[in-house]
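Only one structure is covered here, and it is reproduced in the block below.
Order of writing sets the chain letters: A, B, C and D. Residues in each chain are counted from 1.
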Amino acid sequence: MTSSSLIKSFERVKEDNRAALLTYTVGGDPDKKTSLNIFKSIAESGADIIECGLGHGANIGDGGAIQDSTYRALSGGIKTDDIFEIIEDFKKDYETDVIIMTYQNKIMAYGEEDFIKKCTSSKVSGIICVDWPWPLNLDFAKKCKENSIVFIQLLCPTTNEDRLKNILNDAHEVVYYISMLSTTGQKLKVSSDEIKKRFNLIKKISPDKKCIIGFGITADTINDFKDTDACVVGSALCKEITRSIDEELNPATNVGNMVSDLKQKLSS
Amino acid sequence: MTSSSLIKSFERVKEDNRAALLTYTVGGDPDKKTSLNIFKSIAESGADIIECGLGHGANIGDGGAIQDSTYRALSGGIKTDDIFEIIEDFKKDYETDVIIMTYQNKIMAYGEEDFIKKCTSSKVSGIICVDWPWPLNLDFAKKCKENSIVFIQLLCPTTNEDRLKNILNDAHEVVYYISMLSTTGQKLKVSSDEIKKRFNLIKKISPDKKCIIGFGITADTINDFKDTDACVVGSALCKEITRSIDEELNPATNVGNMVSDLKQKLSS
Amino acid sequence: MMKLEKGIPIIDQHDANGYWGGKFGGNQIAESLNYPIEELTREFEKLRNDATFIAERDYYFKNFVGAPTPFIKLENLTKHLGGAQIYCKLVSKATGGAHKAYNAVVHSLICKRLGKTYIGGDTGAGYAGKMLSMAAAKFNLKCKIFMGAKDVERQSINVFSMRSYGAEVVPVNSGSQTLVDAVSECMRWWTSENEEAHMCVGSTVGPTIFVKICAWSTAQISREMKKQVMDEFGEVPKDMKLINCVGGGSSAAGFWNEWIDYDNIELIGVEAGGPEGSSKHAAPLTNDSRIGVLHGATQYVIQDDQGEIEETESISAGLDYPGVSPLHCFLKETGRARYTSASDEEALEAFQLVSKNEGFVSPSLEPSHAFAEAIKIAPKLSKDTIIVVDSCGDSAKDSKIIAERLGYKI
Amino acid sequence: MMKLEKGIPIIDQHDANGYWGGKFGGNQIAESLNYPIEELTREFEKLRNDATFIAERDYYFKNFVGAPTPFIKLENLTKHLGGAQIYCKLVSKATGGAHKAYNAVVHSLICKRLGKTYIGGDTGAGYAGKMLSMAAAKFNLKCKIFMGAKDVERQSINVFSMRSYGAEVVPVNSGSQTLVDAVSECMRWWTSENEEAHMCVGSTVGPTIFVKICAWSTAQISREMKKQVMDEFGEVPKDMKLINCVGGGSSAAGFWNEWIDYDNIELIGVEAGGPEGSSKHAAPLTNDSRIGVLHGATQYVIQDDQGEIEETESISAGLDYPGVSPLHCFLKETGRARYTSASDEEALEAFQLVSKNEGFVSPSLEPSHAFAEAIKIAPKLSKDTIIVVDSCGDSAKDSKIIAERLGYKI
């Protein structure tokens, strides 16, 4: 079951006494083949879990770097099915877990049931849906659960304690803590310590849930989070893809190098 | 006395059993010297009386052709004194009467008394002031009279009979009938017969006054007026000056030719 | 079939999750917006029952926005068309030239009550942004306006106004560079800045609370008009049709608000049909487009089978929006309002006919769409039918576009 | 020294020849205009005493022009300047965006009473022409507008409006290609067409009857305001200053009309001082220029020693006129009003300060001159002093010019 696979990944990392490294890149950026190569390179460079963006043009959460990636993928004609194919192909050769991160309208347009079926068949471990907040997402989350897909609830600095508890109560094994109020790719505007304080609060309420920390993390700050469960780097990688394309370099190689570096920083 | 000179001119024409030919051109158009030559050429071509425009930029009575002439003169730097000099020079060699046609602000700016004095010294026979209607002009007209200059009152198709009688009662020896409601240089929009009807009415009220007919008269229609006292051609001549300048021909010669033609048509 | 309730404001006919008819609207937002939206929802519920606040609102509506705007009969147009009697609610006389002033004033007042000193908003035609920057200047608020780069270009007169009121105008270069992208960018901005800043959504779109505040603000239009209708006719006319253009839908929502319970009054919404021959309509209701989530709310959206927003095209920047208010989705599904569209060409022709006949009425391209429908149906109707068109914007902002299209040299 | 009479409208304080103070105004016109001017004079005297006509006028003032326009306190500006209390009569809210609507409506109604179906008028900033074409459309009159070619260029938004209302706009290429030439050309046109057509002069200039009709029309502004002042203060304030820009002077004449008999109220007229460093001012009263005849009336005129009109220069097309109303010449000579000028730069700064502080008030460049004077004097005055500025035009028409000057990209 994919679900248990994601949890196993976290447990493996835990045993290593380090935080998991998650990467976020947009599926299909800049095209199907390169995107697959990027995922492979990321996996080979030591990422623990891959977040694959199923981009949406009219999103309201992405910063500039991720918008660029999304725009490239969409204007290249990438469809939802293409993303599933990329993941399916990837999973043929790699164990690394893949989580889809997307927006609600992509799921609606595909059909909720069909979307989940396809996740299962292409071995997607989890789903993050940025604009589908608790409790509106509970029905869908339940369907995910029934299909052994982890629906990852989101938390943020202004989620008050009541709400935090309620969400955690309904949450699956993994949650995501948005480290600051911002879109993706902004400078970290709160201190690492503050983030960890919130992280600890979450862990105190739900010691058993794995909590991913995301937003604003780069090579400069990642080491601060080595004692947490997991953290995500996204915009930095998307920017590296953009730079590679602009300078006619190999994005897979460059992103891979960056991931190796991040992994090292997170583990040292 | 200049005044009697103007009246003598009319009497001379009357003896010839024809109407007087008046020309209107703008003094100083396109420059002092050429303007003087144009007046000489006009005189030599048989015009009986010369109307010399002392142009005003912000006038409200001139049509396009005369505006062009005015604009040329003014932008060439022509001043009121220049006009007087042209007339004075002209009168050194020619007997032909000269009437100044102008706007009130030109006279005000020069000073009423000074203006009249200068008219006398440069042998101007009469003054037409387009925007100084009866009875507002009576004081000034009186001063003209005292200096033997004919102040020429204006009449038009919509001057009602009472007003007509009153104006004629106050008028000097010569009046001016504006043949139609329009600025100068428009197509004649009333029939020659209608104009002559009004002319006859004026003559019936004041048989002793000479009545000049102006506005809209060209070579095509001038013959219709051979039985009247006098008629003016203006815009056609101004246009001929413009054409001559544009085609680098001699304006004096061309205007002269046109005047000869008009004179012939008026006399035949 | 969905059902409207009588005696309850339409803005309150949503369920606990913010859905009208259990389906349209809602709060499909990032978790980061949950807190500020809850805070705003709480505050608004308090304020709308606060007499001091209402008095303040009414003071500014009257003295600054200039309420009530005139309600006049278009004698010449009526004669020209020879059918129904055509009236016009001249909302374009509101300060700044459109209905957007009402929402902008209310949001600015709320912003102050929230203790915030910074306000941001989206804008398409530029009116929402112009009015918001006007109000922000008056109330001493720092102001930021998001506007599609294409709209910045085609509605430059309003951009000028915003800048002169001291607002920062941010041209949005993503996507179609129109309103849809401006709203997205504005919401992204608010996601980052919501601790210090308040957001004004320029139409009855976005998360439920924004739909409610906006429609509550523009409802002033029909409150004014109801009195004017009674003054003119002595009663509610038996046969009356209220025609309004619909982009996001804030103008129509406000124009209809007081009349929804009168079943004999027909409500007609006119969407942007785009250029003749093009299929890029900004008319989700007319064309029964698919339901989707846009800008945090469920609604009819012009989208492809991938859930991607499709590019729309309209001569009127203000209607050039692929979604539409949940309120209008609800009014459509309940059968209470009828929706149709007018093409760019029809709108242009309507603009000319109205301007030339009426002089004092010079509708911008948005209400020209509503006039186009009036012109279409009036000749076939009886003289006892009253058509009221909401002329909700002034044409000055469109001078460049119209002049170009009509071949006036300006 | 000339003397004002109390209890007699200022428009009636002229002598039998139409001269105020025996000196300013009059009918220095071609004989061809004598009849139509006598006819118009007769007709106007009849109509101003005709209750039906007055009722009709008031109906259109209210329902179309949108009277009364707001009277508001500029709280932020007052605080910013820290002296006198600054109020504003927001005449720019009149339909079309300026006071010119009053005169246009009255002339159009007169035109109909004269049995004429054709009306022509001059325009500088384009407001007079815009309003006249608006009214002409409403009243089914054929309409022709004369406008200097330079003004056609710099006030293109208003040109667009005129064309959309169906008016023929005639660009005047003679002279300085501004208002002075437009008025000349319009009067030439009327000289030809007066049997069929009526002429509207766009300001309180021209032959006496046009001065009278225009000031009689704009007097509505001070009638409205008097009531508003009483509502606000409960009495006529002891120390009040009324500041208005003066081009031709129609706005100021209307703004002051009801207050002339109140000696404690200071009337301040602000002319266009032109660009700093230039001497081409459009400020005949401030600079004590020579008296001359322009457009049929005696007045202070910017002219050279030859009686030729000198070119003036102002950032505001509406004030760019070398003459000034005989009424203002009279008010100056009697000492009742004080005249001064503001430079282009001062006007631009005033525009910015007012817009940024007040939002809802966005004065066009003409009233920005009046605001410049208010900004100059307010800080030195006591808090008991009331300054009222007539914000008689809306800035939309000036967006191109202002944006260019302030370096906004639009």
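Criterion: contacts are C-beta pairs under 8 Å (C-beta built on N, C-alpha and C of every residue); 3 or more make two chains touch, one makes a residue touch a chain.
The structure presented is a predicted model; accordingly, all values stated were derived computationally and were not measured.
Both subunit C and subunit D are touched by no common chain. Centres computed as Cα averages put subunit B at a distance of 38 Å from subunit D. Per-chain Cα centroids separate subunit A from subunit D by 66 Å. Not a single residue in subunit D touches at least two other chains. The touch graph of the protein chains shown is a line. All chain pairs that count as touching, in label order, are A-C, B-D, C-D.
Those residues of subunit A that touch subunit C in the complex are listed here as 56-63, 67, 71, 74, 79-80, 103-110, 130-134, 136, 154-160, 163, 178, 181-183, 186. Across the interface of their complex, subunit A is touched by residues 17, 26-32, 34-36, 174-175, 180-181, 184, 187-188, 191-195, 290-296, 301, 303, 305-309 of subunit C. Every residue of subunit C that touches subunit D in the complex is listed here, in rising order: 63-66, 70, 72, 76, 93, 95-97, 133-140, 156-157, 159-161, 163-166, 351-352, 355-360, 362, 395-397, 399, 402-403, 406, 408, 410.
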